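Each chain gets a letter, A, B, C and D, in the order it is written, and its residues are counted from 1.
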Amino acid sequence: MKNDNLMKRFLAAEWSSLLILSLVMMAAMTIITPRFLNFDNQAILTRSLAPLLIVAFAQAIVIGIGQMNLAVGAIGGMVAVFFGGMMEAWGFPIPVAIAIGFACGVAAGALNGAIIAFSGINGFIVTLATLSIFKGLNLGVTKSIPFYEMPDALVWFGEARFGPFAAILIVPVICVVALAWFLKYNIYGRQILAVGGNAHAAELAGISNNRVTILAHTISGALAGVAGMLSVARLGVGQPTIGGDWLLASFAAPVIGGAILLGGHIPILGTVLGVLVIILIENLLVLYGVDPQYNEFFVGALILAAVGFNHWRSLRAEARLKEGKA
Amino acid sequence: MPPRPDAVNLNELLARIAKSAGLALIVGVLILIFVYGAQGFTSKFNLFNLTRNLSVAAVVGFGMMVVLALGHMNLALGSTALASVMIMGWVMKVAALPVPVAVGCGLAVGSLLGLLNGWLIVKTKLHSFIITLATASMFLGLVLIMFPGGPISDLPREFTGISKTRYFGWVSGMLLITLVAGVVLAVMYRFTTLGRQMLATGANPDAAELSGIPVSRAILLAHTLSGFLAALAGVMFTARQGSALLSTGEDWLLASFLAPLLGGTLLAGGYVSVVGAFLGAMLVGILQNGLVLIGVPDFWVEFVLGLTLLITVSLDRLRNVLAARRGN
Amino acid sequence: MTDVALKIENATKRFPGVLALDHAALELRPGEVHALLGENGAGKSTLIKIITGVHEPTEGTVWVDGEEVTFKSPHDAMDAGIGAVHQERNLIPRFTVAENIMLEAVPTKRGQVDYAEMRRQAEYWLSELDLDIDPDLPVQRLSVAQMQLLEIARALSLKSRVLLLDEPTASITEHEVQVLFSFLRKLKAQGVAILFVSHKLEEVFEICDRVTVLRDGKNACTNVPISDLNRDGVVAHMVGRDNALSDLGHRAPVDAPTKLELKDVSTRIGHSNVNLHAKKGEVLGFYGLVGAGRSELARALIGADKITGGQVLIDGKEAKISSVQDALRKYQMGYVSEDRKGDGLILAHSVADNIGVTIWHKIAKFGGFVTDTMQRKSVRGFVDRLEVKTPSLQQTLGNLSGGNQQKVSVAKWLAAETEILIIDEPTVGVDIRTKGYLHKLIWEVAEAGVTVLVISSDMPEIVAVADRLIVMNEMQVVGDLPNSRDYDEMSQKIMQSIVGASDLKESA
Amino acid sequence: AETRVALVPGGPHPFFANWEGGGVDAVKDFGVASSDYRVPQEWKLDMQNKMLESLVSQGYNAFAVFPGDANGTNAMVSELKDFGAPTVSIAGCTQSPSPVEFCLATDVYKSAYQGTMALIEAMGNEGKIVHETSLLIDPNTQLRVAAVEQAIADAQAEGKKVELYQHLTDVDDQEKADQKINALLAGKAHEFDGLVSTAWVASVVTSKALRSSNNEDLKFIAIDHDQIVLDAIKDGVIQGTMLQNPHGQAYIATYALDKLLNGCTIKADAPFSPTPQHTTFIDSGTMLVTKDNIDNWEAEMKAVTDGIMATFDEKFLDCAS
């Protein structure tokens, strides 16, 4: 009886179907290549998971207030090359570079938020414009040539692993836990969700929409910056192209995880699993040696299947709730 | 007592014009700046290319605008265009059918893929974002599977000629296609039941449904239209490139949003501005063209582009705010 | 200490094309309930929004405790001890009941939100208002009336010294009104200054001490003790002429063939074995307490929700309705939603578009062409007939006053020329003159042969308007009463049906 | 007239950075008015076309272009030609028939073939091979795939026990490549014995991955001169890389464009070495760099350039005056 209840509650949770889906995919991969479960391979998996996880939350927090941040990738790339540049060209020690890099991300995000809040211009347009600005800075500074000489400690960190876990996974874990706490137990976190849920009502309740907009974008910028620096650690190079490919995945993960683009809801576990599913899909295709021509098609089909499955489950849960009430 | 409710309100009419007027003014000022500041801007060669690029960009913007009207998105715009032009190229070159037939096929494929998007959205009730994100990959994948040989080049002159026609020596003939598409869309939204139904659906789907509007049909049609416009943009792009390229539509995504949003179309749905979308495409096109001509170093063009975009949009916004104050 | 808690003078607010307030004034005293009255669009809500810093006034000065203040945002007003319930619902749909109640004053412990404490406080306020709602339920699951009560609870929880209530009783029933009033009396005793907006004059005479009436944004009377006024006097101030209220008149019982019949209908939400019928040209009233399931039944009828069992007969034939479009096009059946902000109206679109939406397919020419002019032609009559106060037909609907929005919501379905019309809470937030007018209109429509189903939580209204009464309780029909139009008699019968049904349930 | 050459890559990429020097050297050596390196802001055909159009408006009159799209660029080039500006394609070829004067580029087929052969030798003539290459929608990808398969077939014909294990495509983005390549190495490294890369990014990522995994059994032949690749060769982590000649491409192209603008034409019977893609093809040279010649590859490459220059006029140009 009690188990039954637990099972029901598990199935009713919005992330349950994604969890099942990822487990199924992992099982499939284990069957294809028994080596999949190797610590080696798991470490690789977690390693590529790490930056994307942070990126997904950089987007999720802005989706939470019903806006978008198209500049996540551009901020990440800009912070990445500044970070790399500070260490190579100026020889800054790692902690100093991290601190300045982080500050850059915060500043970039705050700039986005402030422009949106005070000008009243649609966030989509503002972040699209700042995307150009940040990317332009990156290009202008590097002329698209990477910074190669990264300190050994950083490179070591990017490659180290503990058992099946890549060392760099610690960063997203900290970020996600902190964010989860923030959104649930901090007043400002609640305010972000309130504004996303109903901006007008929140305003009438004395919550400043402008302040919340700036806050959410600042957090987003900070996370994007962290993801950029983490990518430098992971790649061992201050690549100007970092962030170029983040945009779609940054939306896809939270949305697969159950985020609502209108705002008001940020699924923590859902987003984590969304990232996992995306990475697993790509890994599955590589390991299965799918004919490259079919690759794109399967990525699309699998995303559709994943979301469809999740949605079907939530519909079922909803229906059961209504019937149960009767 | 209440003023005559149907008195055509001059203020409102002016306000409606003024909405686009701000953007038009900015575009005008930019043109002036570039005419005097950017060497070569007024050369026939440059103006011809400018109008040609702009024609394609505006149709791409329209393609996104028609789903934005619903509060939806179409991330598969580029892939749809790709699939359409590849099939068009195949019909033209491999099946060797007449050009109009091939173009018709291309447009039909685009519309069908759009319809498929719409159908999936209506059936699953999932957000258009995620559906079209997935179908974008799937359409691209299908093209890669169907055309392992890559691009189809050397399309007939009869077809590529579309992109070479020019009036007065500097206006691209393709601008005509864009204008026709724009007028049709504007008429649809202002003067037809269908257009109104789409806007009502976008503004408040629940209320639209409860008012007896065939919401599903509106969604299906809007996405079909979006697919059609994507294909049309693809056809124009292909005429210009002379071959059906696998890179067609690869990078249309952000630009397709930018033009309508700059023009005042709401991301949330329920309001569109066709003229605005056209002006938006113009703004971006002219900036991209003029900034290089004015001598901004290549690696900094992107930076300056973003900055000027931000400044111009803020100016427009400021103008609106001031105008509202004055109305007080 | 002064004896004026809040004073506003010269309050003027100009919107594009509208002078909403024109040098209005008002003062609130501690321990008094002050009624703010006026017709729809008189400027009541605007005045409240100016006081609370939602709108920046064009002109005007506010004093709190004798000190001049300027509120730049609702936050400032709250800090100054002013709480408000606005006319439109303002809740966060995904937040729980408890979170919504405590939205302004989130309890924290060591920098963390203290959910246990939040729940405890929310439960306290819920019980104070005699509300049986689970504090952990997301607000999006509540009915409109429950949401309204929730907002009141939220304003109360602020423990403000000045409380501004904009039509708090618009969509709740007698019972909840009484609970609210007893609470307001408590607050009065504690010296809170209360502003109370309502279109129900009985309530005003029951609880208020002073009255201010606005007419077209100007004061028609200011801070007058209630004892100096009677009902007719108030109405005269509001309307500004003597042709005040005309009587509804009489209406004979209808003798006509059955138009609509429900046989053992059950729905996904939980209705079971609903049986009822309505004749052609009959006005059938639906009464029930909050959450009785009337609105949900109506939604199922018009195809917006699923009917899971039983039969719906229209003109004696079984009706197959799978969408609202079916209901409208095939069976000429329409539904005026109780939730005008949610799914009733398109607030971002113009007045004309909102009324025209149901008739586009009828007025279109050449297979689908509609111009603004054509639409205006068809729509203007309704706007005039209902006296919708709007600067033009192109005005954005969201800019109209609440009552005027409600009129548009009714107008839209009158325009549709349906054969069966379901009106859910027809007069929420509508001023008394228009209310009488709407009632008359309902009769006129019925006279023309339309079957009208009126759902209302306003017992006097339902008794005045309906030919026959269906009483619902907990998703079931518990009474089908012929209406004698004698309020005392009918109210007793209705309550008996409801209580009887509950008793039956308890003893079972 | 003054010759103003624009060297236009497909988009920002470190490979092309050496063009700039090539142009500058040519200006110095041959007295050309200018030869500027002008980079489109993004890797897309549309951007490149807009760039070219605006360069015409800015007064450039000769172009050396990396075709953003082998087919698509043709349309643009014929417009440049209509305008009277000679154009050559460098570092990559347009699809023939093409209005470009000639194509001066690495023979991608040859380079991929030689790279694969070098790998087979490094593997000791047996084992399974993974080929990493770039986007599927890049037409050169098809050529490279064909070359790798041909090399393996030829080796098999010689009795060597080699076979193709997998083509890994779409590894042009650094982060995606990092994930895909590492996944492959971690999951399946025991199932193959060597890798050959025909894409810049994949070369960099694989070099790094091999360095950190210390997997000495896997042999790798990369492409291009990224510092990470060169370092990996120096340290013996990987076996070699196929170099291209970007400096020479820009240098020779500037020279030729100047001549073409000043009365010369391309000889009708010039000894081009046609490839499946392009008929008027000139090989800009390619060489294998291994630990042995890692320290003086720049000099060796210069020699290749000089070799082409020595006979260029005589072979390809027809100058009236």
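Heads up, the rule we're going with is that a residue touches a chain if its C-beta (ideal position, glycine included) is under 8 Å from a C-beta of that chain, and two chains touch if they have at least 3 such contacts.
Just so you know, these numbers come straight off a predicted model, no measurement behind them.
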| item | value |
| --- | --- |
| Centroid-based (C-alpha) most distant chain relative to chain B | C |
| Between chain B and chain C, centroid-to-centroid distance (C-alpha), Å | 43 |
| Interchain centroid distance [CA atoms averaged], chain A/chain D, Å | 36 |
| Between chain C and chain D, centroid-to-centroid distance (C-alpha), Å | 73 |
| Separation of mean Cα positions, chain B and chain A [Å, integer] | 30 |
| Junction residues of chain B, two or more chains touched | 144, 299, 301-302, 305 |
| Multi-partner residues of chain C (at least 2 other chains) | none |
| Multi-chain contact residues (two or more partners), chain A | 136, 139, 143-144, 293, 295 |
| Interchain pairs in contact, sorted by label | A-B, A-C, A-D, B-C, B-D |
| Sites on chain D touched by chain B in the complex | 12, 38-42, 44-46, 50-51, 53-54, 56-59, 68-72, 74-75, 83, 95, 97, 136-137, 139, 142 |
| Complex interface listing, chain C residues touching chain A | 52, 54, 73-75, 78-79, 84, 86, 90-95, 99, 103-104, 106, 108, 111-113, 268-270, 272, 475 |
| Chain B - residues contacting chain D, complex | 39-41, 43, 45-46, 49, 53, 144, 149-151, 153-154, 160, 240-243, 245-247, 250-251, 288-289, 292-293, 298-299, 301-302, 305 |
| Residue ranges of chain A in contact with chain C within the complex | 184-187, 190, 193-194, 197-198, 200-208, 264-265, 319, 322-323, 325-326 |
| Chain C - residues contacting chain B, complex | 14, 16-17, 58, 302, 304, 323-325, 327-329, 334-335, 337, 342-349, 351, 353, 356-358, 360-361, 364, 368-372, 376, 380, 383-384, 387-394, 412, 416 |
